[in-house]
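Just so it is clear, A, B, C and D label the chains in written order, and each chain counts residues from 1 on its own.
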Amino acid sequence: MATMTYLQAISSALRDELRADERVLIMGEDVGEFGGAFKVTDGFVAEFGSERVMDTPLAESAIIGCAVGAAVVGLRPVCEMQFADFISCGFDQLVNVAGKMHYRQGLAVPLVVRLPSGGGFSGGPFHSQNPEALFMHSPGIKVVAPSTAEDAKGLLHAAIRDPNPVCFMEHKHLYRRVKGDVPEGVFETPFTARVARPGSDLVVICYGAMVDVALEATADLDGASVEVLDLRSLVPLDEEAILDSVSRCSKVVVVDEANMTCAAGAQVAALIAEKGFEDLDGPVVRVASPDVPIPFSPPLEAAVLPGVERVKEACRELLAY
Amino acid sequence: MATDIAAPASVEVGEHEHLQLADRIWLHRAMLLMRGIEERAMSLYRQGKVPGSFYDGFGQEAVSAGAAFAMAAEDRLCILHRDLAAHVIRGVPPARIFAQYMGRAAGVTAGRDGNVHFGDRHLGCVGMVSMLPDMMLVATGMAMAFRLRGEPRCALTWFGDGSTSRGDFHEAMNWAGVQKLPVVFVLENNQYAYSTPLDKQFAVDPVERAAAYGFAGVTVDGNDVEAMFDATREARSRAVSGGGPTLIEAVTMRMHGHAAHDDMKYVPKEQVAEWKLRDPVDRQEKRLRALGVDVDELRAGVTAEIDAAAAEALSGPMPSVEGVLEGVFCEGEAEPLGDGHAPWSGFGSGGAA
Amino acid sequence: MATMTYLQAISSALRDELRADERVLIMGEDVGEFGGAFKVTDGFVAEFGSERVMDTPLAESAIIGCAVGAAVVGLRPVCEMQFADFISCGFDQLVNVAGKMHYRQGLAVPLVVRLPSGGGFSGGPFHSQNPEALFMHSPGIKVVAPSTAEDAKGLLHAAIRDPNPVCFMEHKHLYRRVKGDVPEGVFETPFTARVARPGSDLVVICYGAMVDVALEATADLDGASVEVLDLRSLVPLDEEAILDSVSRCSKVVVVDEANMTCAAGAQVAALIAEKGFEDLDGPVVRVASPDVPIPFSPPLEAAVLPGVERVKEACRELLAY
Amino acid sequence: MATDIAAPASVEVGEHEHLQLADRIWLHRAMLLMRGIEERAMSLYRQGKVPGSFYDGFGQEAVSAGAAFAMAAEDRLCILHRDLAAHVIRGVPPARIFAQYMGRAAGVTAGRDGNVHFGDRHLGCVGMVSMLPDMMLVATGMAMAFRLRGEPRCALTWFGDGSTSRGDFHEAMNWAGVQKLPVVFVLENNQYAYSTPLDKQFAVDPVERAAAYGFAGVTVDGNDVEAMFDATREARSRAVSGGGPTLIEAVTMRMHGHAAHDDMKYVPKEQVAEWKLRDPVDRQEKRLRALGVDVDELRAGVTAEIDAAAAEALSGPMPSVEGVLEGVFCEGEAEPLGDGHAPWSGFGSGGAA
């Protein structure tokens, strides 16, 4: 066990994989000498060389497309988007080339795309996005979103060893704020949900940065026993764990940071409304960012992003239902 | 640099420096198979046996045949929608091609993808996606992997004149140029992008761009299969010896509509007539006759092969719907692309043939 | 009143707008002399000239980006994607440039993107997509999806006159199969839902090509009174109409053709689970394409796309609930 | 064509063919304002008064000042993140710029977008998005509209060396070339894309590409504001007279880190030292002194203006959260961009100034 930040855990997983498997390769803008915009690959070039920790041209479509090419001839590329928002520029290669490859022709594309995502620090409309729902809607792409240092490492190990394209949603706001014990060495975290706190009166279903928000918001709700389910993986989605929580708690609040419409939370709520209906003792309440670009100015951003207060309020109301 | 015209095809009669007679016959056979398979597939389409739409490469056979013939077994290809001869050369049996067109179980994609959207991963080919020219980046990435591993291998892809307008063309050309990668880009200039003529697609012939990306650009008579072979062989040896990418512009003509439904009213009759005189199959046939080859026998053999293949495919089942939801993800180990056939005598054994 | 096909209705709306407003401009691949891949703009060049019916280079990002530029200096561009699937190549310009412009700086982007979408004719994985959910999840883009000839014309008129980016989802499978009476001249259909058939035992909520499927599937369900709600507009989503149907019918089947996860149907189901919960007499059942690329071969495609039988079965089961 | 070097700036003392003394002072003032505002903003950032991150254009002031000064009121601009002088010239008051950086209600985007991501639509400017170089296509589209309406107007946008690697660069260059549009592309070559040096971005200087797209490409000393003006004025007159686009490569140096947090360890000390000698502000200052201008008074005036503007902005409120959900869509009539200021004497009145 070592105590690491969420960011250190990501670096550690990358370093371990580069050491363990010569097929692993890191590609991205400024990931080399500079160590990446968030310093996740700081010092990597010294140990692994600039060919395995490759500074690419400023070209997201090329980063994804070239990674697909490298993957189908036997490498294990890990691509870094400087910010998750920029995947919009490589979207076609990701969903049409990488995502549909195996179904169409049985050709595996072992590829990881790291997406520093989310808001909370005045990043504004283009440095705060949470694009995971776009990938969830595109068949053939796995999507994981850790909320703890341990899961950041374990999910990244599993993602790199997965024979499929995996979008690794790493929340920028957790990079240095989240610390935790992380087992030594390589370990793989399964793409399943995790009960962050067991409870029986209500369950908050969330992932990524919203897990801490949910834990804090429900730490003391007039003594109510509130479960917090950390999805960890969005594709595959752990339907069994979700429905199990629902059956035990009967009341559900679904929280995600992305814009509300057609978000991951919409899928979770729809799933529950169809397969968990009989267990429900109240409406499936959602908390998410309203459908606006994430504004830059602190008061505006705070008014848009789901925070502790909004989650508290949603839970209180539903508990009183 | 950008406009060196590749050496003209060796004179009609007489030896070829790199092609033995058997090779030259192989090239012709590949073109005959492409033309024959596509003509048969078109009539199957008219009979309603080929679902969706149907695209062919009539008049462009030399481009895929000549280029693919220069590729080694361990090289990797992204084959496009006018390039059937490349599949034939890499070793895809005609019956599987017919089955592919008809969406049958025995097709290369077992009915999951359509018509020309296929590539046999066991033969070193990645099936194209519709979005053009996305495969340029996949080819560039394969070449990047070869370079990183220090392997003397090459990646090649084809793409059309119209698709050069898209951003991925640029991202691939730039990346390949910056990293000096062993990749060959074959620009198939068939004068049209669907109905759109070249002058609405670019102001300057794209081969001119190669120099601006720091690598070689050559223009080739795309209707001369041996010239295509020569240019590609040179590009490949440049690539595997660390000389970087090459952009080959194969000048040719799309002699049929964009797809089966297209009457190509927008193409001047004279243009078609003029290009008819440069038919790549006739051209190679003349060459072979002059070399004393019994071309009629060759044709007869190819026709028989196509008859048998079509019959086999027609007798095969449609895919079963069980398992239609499976295979979105790879469950086992990721298995990289395998080697393809490489019949050129220059590769000795003929590679994995 | 004139009887037109769905495709003729689209052409008619475009022609009327080109005649009525010199700011209107059509841009796309092969839309000029050739009249477009589906002949929607057949004959337009002769009447309006090749500058207002512009053949563009093969470049979707440029088509959207240039249309944005033209729109902010006073034109009203209508872009055609040759197939909806290709919007993946112009996705960044659409969601980040066009979609966020007005919120960020109060600059309106009156722009229509026509997206020939959907499957049913062996188009395969790249000519059968229904990408509307991607736009719904991206703030600042309106999304409409007509199911009748009349709505195709009226919604397109309204879209072209709207001061915002509008994605016009035109279903290829309806082009020539759907015929109907269409009022003469220019008329605008509001971006609201339409009760395609009133009912009281169950409501099928759908849009686009699924409306006919729903009507046929529920025409005679052992005498049950089944309402069919045609959403017509996905952004804005007519929550009032949806909740009204739910309150009257108490049982809901949500049908859309897109891949299930995070689809428009997920949003509708989630909305009902939250705001219509008390009216529900059963689970919110969904019918959609499973999360696979749309296969090419007829039997496979038929097994994946939602059809009359699957909708019937879903309704029967729910009615029996 | 691709490498014609623009005429060097007119000799230090002496007349300028197109710039009156007042213009030359205006150019200097714009650069002083840019530098002064950015330095002040940087210290406000250090004090925690500017949220998010902070980017500046220290050492590149001549690029935006010189180019924007050549643009008419009815022209349209997409201004990038190292181009503050262009906002100043178009008429954005310094106080609104400070308010923008600080996310205050009085900022150009009223706190909705951050730092340099702004453009005043009433002054003919479209605010940039982060995705680079997306605005090249928006500028191309504006030029397309001007051409369609037969208006003698021009669109201009800036973009960096790194962003030339992206597909949108190509799609814009190609489209503008094919349609011969009145657009000016100013490539701001400041030697780095974040930490990435040019040689990892392209193999051949992108200005070479202009010819391959069929239009003019010129390289300019980006640290000479009058040379930037000259090249842009020529490009603009070519554009409005139907001569098509121009790619201007402004050679300069990013003298600060990519953003406030970046210590630019990756930049050799000598490189910075060498470029320090070519500081664009010093250069124009020398020129003006030689022309007898009291530069110190000018500086003092600018400093006072900045002090007042910063104070005004600091005293302004943060945006109120009511209405934070409004304005995603335009409810009323779509209002196109308005005209900006055009202080150059060559435009007579100074346009809408």
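The rule is simple: a residue touches a chain if its C-beta (ideal position, glycine included) is under 8 Å from a C-beta of that chain, and two chains touch if they have at least 3 such contacts.
Small disclaimer: the values here were computed from a predicted structure and weren't measured.
**Q** Please identify the chain with the largest separation between its CA centroid and the CA centroid of subunit A.
**A** When every chain centre is compared against subunit A, the largest gap points to B.
**Q** Just how far, in Å, is the C-alpha centre of subunit D from the one of subunit C?
**A** Each chain reduced to its C-alpha mean, subunit C and subunit D end up 40 Å apart.
**Q** Starting from the mean Cα coordinates of subunit A and subunit D, work out the distance between those two points in Å.
**A** 37
**Q** Can you list every residue of subunit D that touches 2 or more other chains, as numbers and ranges?
**A** 109, 112-113, 117, 129-131, 165-168, 171, 174-175, 178, 200-202, 328, in rising order.
**Q** Subunit C: which residues touch two or more other chains?
**A** Answer for subunit C, listing residues that touch two or more other chains: 56-57, 59, 61-62, 85, 88-89, 92, 96, 100, 103-104, 125-126, 139-140, 291-293.
**Q** Given which chains touch which, is the overall layout a line, a ring, a star, complete, or other?
**A** Graph shape, chains as nodes and touching pairs as edges: complete.
**Q** Going by the contact rule at the top, pick out the subunit D residues touching subunit B in the complex.
**A** Of all residues in subunit D, those touching subunit B are 165-171, 174-175, 177-178, 180, 199-204, 206, 208-209, 211-215.
**Q** Under the definition above, what is the set of subunit C residues touching subunit D in their complex?
**A** 25, 51-52, 56-57, 59, 61-62, 64-75, 92-93, 96-97, 100-110, 139-140, 142, 163-164
**Q** Within the complex, which stretch of subunit D touches subunit A?
**A** That would be residues 51-52, 103-104, 107, 109, 111-115, 117, 129-132, 162-163, 165-168, 193-196, 200-202, 266, 318-321, 324-325, 328 of subunit D.
**Q** Show which residues of subunit A lie in contact with subunit C when the two form their complex.
**A** So the residues of subunit A in touch with subunit C come to 85, 88-89, 91-92, 95-96, 99-100, 103-104, 125-126, 133-134, 136-140, 235, 237, 254, 258-259, 261-267, 269-270, 272-275, 277-278, 280, 282-286, 291-293.
**Q** Within the complex, which stretch of subunit A touches subunit D?
**A** 29-30, 32-34, 37, 55-62, 83, 85-86, 88-89, 121-127, 290-293, 295-300, 302-304
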